[in-house]
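What follows is subunit A paired twice: with subunit B in the first complex and subunit C in the second.
Let's look at the complex of A and B:
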């Protein structure tokens, strides 16, 4: 009788264990939309860029400058990242007082004023990501560009050094242009 | 005197009948117990222990499938494990599922059967995701494509 109780308990614990293990990886959250892909890029940059310890505590803030659908895409993806212990906030940045953001995305609608924004927001420990910046000569660390209808990115190492950020070699391998 | 002797005979007779009755009861009770134990033992040997072993194999199989898929994403040139993942999907899992379904028909607890059916459904969904990754990261160019890499990494990390 005792054996049967032990076996039944082991039985149930094994089934639960397999159930937990077999729970599917979350279905991919990019729907192929340009901004959902770009949002996925930003969230992955978080993994491959190392911020100084003093800037890498508490809530991770992603600031968005200009009109962009990326805010919605980011919010949707963050909502799906339930397993992550770190809180991520998306902040719309404007002309007023700005909270510190570890990452700032400058929409292409602001490309004509990109240097101005970088000067204003690009302090140490801030990763500036731009999009479709034709001549990425400024101090944006990462520029998202579309090549052959595919979204790719360029890395500006000197801008990363100025911002005191380190980037993993895994990320530089995937960039189409590293300067 | 004769009356007293008759009384002793009756007492001996009653005690004798009682002893015989207890013995018969004991024999019947033991026989039922032995029979029940044989049934339990047979069930343990033919259903419970094989089920436990198969469940342990299933647990290992699920763990291996996740490990091989993670390595599929991060270790492009690991062909050996890529082949193992294909074999796991096409041969090992269908065989193990068949064995387990056979054993499940002997399970008495219907809750366990229902839970196990849900486990199969979850793992089937997991296999679809794993096959999606296998189909996404095929060539060298696929591994150089940040969209495919990031999307696959997101899938295995969650």
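Let's look at the complex of A and C:
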């Protein structure tokens, strides 16, 4: 009798565990993940931002600062867009000398040091994109934020001017905050 | 009851499916890469994954441990951190020293390389690393471990693995400080204080770090194989002091490191000593280098200098079997490293270095095997590795050419293929590694030869969900002419080349991480099947296992974040049966087995508590007070050393960033 109770309890535990595992896997498994979408925002910004002619030739480099899944998402998106004529490279940026990148994405993991990164990497012809940063405390050109489970972005016009970049009016219309 | 349970499961499951369907605004018919900004702005996002996904393409079997994982684990010593790595374990050498093993193979002498902010930490006399109360955990930002050979890129000492430690100072612009204190149930077990300050300057940075560790190997009683013993709470002190200074300006960098490690020991080699002695490892290292960047080419020439006194024992006590040992070493190295990325398809790293080492015997009445008080060794090597990113796979080809003054030329190749298919990745790796004998290897046996190791590794990875990743790897290790330490019939250190040793097996690692949870679990297995077992490592009556290290090892860590600041992190480690051997005066062997053991650790931590940047940890290590051991992995009659029992630790970390 005791054995039957134990076996029944273990059987139920097993069912619960299997269901929980299956649920956990399904919760995580969705194509709408944050960094796939953010990666596409970055690729779209290429169309709406005008770089100075001298910075807008040859390979387009997107630098990524900090630990972020966006590098992998960008590589996947670029591979899927391989029909595009312009070559796009994704570069992991860290300490030491850095290659020139037309666009630099600073991960939220580096938000405490974002000004240091902007000072280090921001130059004429470099579009700095941050995430989850309060623009009034930073000097990035574009900041991605999540509002009601959707990605939105803010634009810092003065930072764009400093970087000698122009954005289309369509981009400023879509931004939720322009200053 | 079962029907009710099943009904509930079905109901909740279907409710979940409905919620998911309603919540998604994604226009399913359009792939992301074709969406405009307007369309993207209507897509709902799932929770971001913070799972580290790097290293999928790297040509090695790699484990990365972050500062967050270290702090949440509650570990206060590097041994505790590395025991969570698949295939890693620790054994006992002699004279109070604990060393590392990889995949069942004793890696203590010159087979595992440790880099501390790029500086080699292996001493130059025997090429060992010394673990326990040595390396300041409070300063570590990240540990990258290559669980396989690194000789082709890193040279000798990287035969079985590379432990690459990156500290807080590497990019610090502020202050990072850490204090921890631990206690066993009957005595204080240790305290660590570490401090780092870094300041960005124009086109560079300057930083300084310092640490002091004062701890005990154990609180248990050590008993030698002749029945004599002592309390390790009184005689197993471990003291470490470390300073590091770095200056970087416009590509030029100058780094200096001083490390002093003192082990209080009475265990000696076989029978215990009458009193305790201090076994000291002092080293000071300096590196100057300059980065020359030319578009896609970077050339880094540099110079290194090291002065050290490892295994330094000094005493005038007349009534003991203790033997003093005093040797100093000076080593100068000139090197050039090159990285070149001609295009997106190719990347090349290469380099060359020349080093000259001089050992000085500081005792009055002893000489090196050359009959002199001075022993010198020159070494030159060049390495290169090219990665070609083809559409089919990344192809890695490389190798190292080495010339040693006593052992001539040696070339070790490295070949690999890596490929990522969306959620899958695969790596196939073939490497050779080698080790030229160290100063004392040659000193004790002038006829000793180099040893070489061949590795074959295969890894499969699968991104199970956005938050979880599973990797499985297999390996086969064969070391020929293995350099093995033994304690000869004249009670002296000695070395010999054995024929062949090695292991094969597999490792499984699963990581799941979200913003609130993380769960890491790994299982590692090795066997000696298919490899001969040399006498020094043999377990009598068991042909598939090596002395000291278990065939099976499991480690699991779960962490849950609550109220934003607080985390609770339990972890479990399982070790299967282990063995040691005792040899009596008639050379008769007795086999001792150690039952499988389960170790439980619990840590509660809080971030940004009381002040921004201040974090607190409260940990209980070995919560069930399970017996733990450091076993000698070669049959040399040193008794097994008991590790500490249940231990409580409190730690405080404070980070302050400068505004400019």
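Here is the rule we go by: the second predicted complex is superposed on the first by the 146 of 179 C-alpha atoms of A that agree within 3 Å, B and C clash if a C-alpha of one lies under 4 Å from a C-alpha of the other, contacts with A are read in each partner's own complex, and residues count from 1 in each chain.
To be clear about the criterion, a residue touches a chain if its C-beta (ideal position, glycine included) is under 8 Å from a C-beta of that chain, and two chains touch if they have at least 3 such contacts.
What you are looking at is a predicted structure, and each value in this text was computed from that prediction instead of being measured.
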Quick check for you: in the superposed arrangement, does A:95 touch first (subunit B), second (subunit C), both or neither?
second
Counting only touches as set out at the top, which of subunit B and subunit C does A:67 meet: first, second, both, neither?
second
Let me test your reading of the model: by the given contact rule, A:152 touches which partner, first (subunit B), second (subunit C), both or neither?
both
Taking the superposition as given, does A:87 touch the first partner, subunit B, the second, subunit C, both, or neither?
second
Partner, of subunit C and subunit B, that touches more residues belonging to subunit A
C
Between subunit B and subunit C, whom does A:59 touch in the aligned arrangement: first, second, both, or neither?
second
Which holds for A:44: it touches subunit B only (first), subunit C only (second), both, or neither?
both
Do subunit B and subunit C touch any of the same residues on subunit A, and if so, which?
8, 12, 15-16, 19, 23-30, 37, 40-41, 43-44, 81, 150-152, 174
Within their complex, subunit B touches subunit A through residues 40, 44, 48-49, 51-52, 55-56, 58-59, 62-63, 66, 69, 109, 112, 115-116, 118-119, 122-123, 125-126, 128-130, 132, 144-147, 149-151, 153-156, 158
Where on subunit A does subunit C make contact in their complex?
8, 12, 15-16, 19, 23-37, 39-41, 43-44, 48, 59, 67, 69, 72, 76-77, 80-81, 87, 89, 94-97, 99, 112-113, 116, 146, 149-152, 171, 174
For a test of understanding, state which residues of subunit C touch subunit A in their complex under the given definition.
2, 5-6, 9, 13, 16, 20, 23-26, 31-33, 35-38, 40-54, 170-171, 173, 200, 251, 291, 293, 296, 298, 344, 422, 464-468, 512, 514, 657
Mind pulling up the subunit A residues that touch subunit B in the complex?
3-4, 7-8, 10-12, 14-19, 21-30, 37, 40-41, 43-44, 81, 83, 150-153, 173-175
